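Here is the structure we will look at.
Which chain is which? They are A, B, C and D, in the order written, and residues in each are numbered from 1.
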């Protein structure tokens, strides 16, 4: 298993799966402006996926394109964190998921912008601009809905309680991460946590939301060992046409 | 009456009417209806395409489709804003859509069943929309005319993308060709219906044309659409599903079979194949989003109160 | 297009798609006894599908098995009526859909039991016993929930209003039906309607529900011309494994 | 105390205790807990398999899986009935499941991710369940013992079906083999956990064994399961994901690595991979079904009233 390929799949699968989830909102947002913003976020994430998985395919050297990787792997070969495959739930849950991911994503891309691998640095620099906007928007909505009505506060707190156990996985390290860190390609995930934690704490305070006490974290997504049941269902949709009409070009 | 003549004179002179200008009640009412329904069509129109976003065959196609749907939501936004200048709020218009007092374009009551439908929608539906909308860039109401300028630019981009999908499909595998033809078969007559009923049955036409709210008759535009589309279908190697379609040397136009107007009126009455689903989807989005809208307003009120207290 | 093949696909696709829909309830029924009954109904319908589509494959003579027909056709080749592909909605909607279908299904199978094609007669006779039970149960539930609380009444009326426009398609005739009727293979669909209507009217009266005035009927399922958008989504799930792993045996 | 001795004597003599017989409070309480949790496990256990019913690869496999899930619901029904003889209603038990006062088997908090998991669940999970349940056919409480007789018969049928799926997968394409191995990798340790914590940490064991509510210790059954399963895995050509697994000539048993008990206790606390989803699904089913249950009761009441009036 090539560590670099694995690392790139983790980056690209995160954006692919989250982009897909966000795109499920199409035409059903709570306000027209949010419909537009959601479509825009999904669009950015899919664009980033093309870059990450495109590079992953190049690195692998077996002639697989970004589309091949996206459309022709089964769930167990996906390397996204469990957080991004969780269902949309209500708009609050979607925004909380986005916010918890964006804060990590922003820090990760900042670190990758100085990667020793210039291809990775280039992608990260491009993506960082988009993600800065995602993070600003999702954090803003978490604050406004957290500190809104009693109902919106309750829903945002429920979303935080539901999703917080998926935060820890983003900061886990394994042999792939060690190899990346050693080569100066990517940061040690754990190194991003303190800043994330303090940013999240400040954000949640402003949103009048309470972070759960427990640091318990689910895992199994970024290693591929054990995804949630949700991913397989997502893939039945996402991959349908490529599976049903193999070899066609679109 | 004097004011009315003056108003008509301005229109005849090609001047734009602006929101603060005096205008006849009927002009305002007709425009609200027309702009509102146009806005609703953009919003509801997201749904048949949204139906395939999660199944788009490649990342590139998915991105293009997302961008298109995003544009449509944007068009909805411009149009609601144009309508708001006439004194009706977006929420009021939305309620009228949801309870059936206002309509949306009949075409979006039809389902999208294969990927080729994404091509057919772009090619035929956006093509028909553009044909309706290009003249509206010269409509008499300023905000509407300006919204149309922006919209038409994006729509013609969408149409080219749709045609590109069709070309890929029509030139693809046997299954893809069959998909392309099937999509044309299903969308041909509904597209012809997009220009509205035959001129003979069209209710609001003559006054609207005098006011330059409507620039051409339904049948004129329909004929223009057929004349433009038939050669494109030939280029794609697809057959228009109309055995009586033929070039008429004398008129210099294609003769064609009109759509089934009973079906059209059934769709308008809410009996389109997807009519119930479309409104149910929008209704659910609206209802599910109520807590979000309330939350955002409550937060804004808190901030305002805090600012006021600080002053 | 072979009319007999077409007819058999109509029968088999109805049971396949409805069986799939009912199976979506697994483990989420309102009462444990209903979970069991729903699973049992789905099981019967899938069993009938094996017989109808198995025979369709034989009749076609191209070596396609029932599984091939179920798992490898795209939406446009399906011949089920639109009614059975409509989403489950709440339990009332599911039962209303079942009831509207069962009453037709029971009459259809009774007629097919004396088909001039002995293979069809044999399948119909076997299926008729199962479907008699389905019809008894769904009709009973429609009555009990229609004449239950105000809420259950309202939900059942809404379900009837929603689904009644899909009833008419079951009684439509085309060239396939004419060929079948002429050969004595199957009844003219229209011939089943009067008895269906009077049975339905009596049932709805007992359920204290009001049949819609309009006889407007959607169509396009049994001819395959225009299914609803729901069918394609159903197929992404149903056909996933066969599409993703072509040629494997299970 | 006299009654207690008499009760114990009956149990020691192998007599069955029936619902109307006197029984110690603790016996009743322990049985309610055990039977209730067993019933809940059957109900929640429908969900991981239900997850693949809509994706079953063939009609035959779909039918088999439907029949299996139907059996499980049936087992739940027998067991709730057995528990009801002890004076607790099915609705009370359900509420206790939903608010976390009662548990279900930890295994069902794990996800089913490929079709091979349907094999692994049948082979390993039903296999472990049978090993737990066969001795319970001789348990001291009559209704529970009788329910177990019926259940064990069906479970062993399910186990064979599961093994059959595994055999197909392990003997199939490369991808299928990989799926089979992956399923074993994920389900091995969770299956070992099904026998409960190590005897040293087991809270209720000794009294339950004296009362013949529990017939064997957790570790005994776990060892028996390993001894039975390892040769089956070899037969399938699959590797048990335990590098330290080896046959011990002296003991005549396999030595094996115990599961991660921290994970086990985390699952029991509701931190299993699917714990939140499982209860949310059941909660939603229960809440969504309220109007149905109310409607059916209201109808029954109307019918009763009508009958009374007629008499």
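A few notes on this one:
In this text, contacts are C-beta pairs under 8 Å (C-beta built on N, C-alpha and C of every residue); 3 or more make two chains touch, one makes a residue touch a chain.
Just so we're on the same page, UniProt names per chain: A, C = Phenylacetate-CoA oxygenase subunit PaaC.
Model, not experiment: these values are computed from the prediction.
For the interfaces C-D and B-C, the C-beta contact count is higher for C-D. With respect to chain A, maximal separation of chain centres occurs for C (centres as means of Cα atoms). In this assembly, the C-alpha centroid of chain A lies 35 Å from the C-alpha centroid of chain B. Between chain A and chain C the centroid-to-centroid distance comes to 41 Å (mean Cα coordinates, whole Å).
Of all residues in chain D, those that touch two or more other chains are 55, 175.
In chain C, the residues touching two or more other chains are 74, 236-237, 240.
Interchain contacts give a graph that is no line, ring or star and is not complete, per the touch definition above.
Here the chains touching each other pair up as A-B, A-C, A-D, B-C, C-D. Against chain B, the residues of chain A that register as touching in their complex are 16, 20, 23-24, 26-36, 39-40, 42-43, 46-47, 49-50, 53, 66-67, 70-71, 90-92, 143-145, 147-149, 151-153, 155, 237-238, 240-242, 245, 247-250. Of all residues in chain C, only 74, 233, 236-237, 239-240, 243-244, 246 touch chain A in the complex they form. Within the complex formed with chain C, the residues of chain B that make contact are 48, 51, 55, 110-114, 175, 182, 186, 266, 271, 273-274, 276-277. Interface of chain A with chain D (complex): residues 74-76, 162, 165, 216, 218, 220, 225-229, 231-232, 236. Of all residues in chain B, only 43, 46-47, 49-50, 53-63, 66-67, 69-70, 73-74, 76-77, 80, 90, 115, 165, 168-169, 172-173, 175-176, 281-282, 284-285, 288-300, 302 touch chain A in the complex they form.
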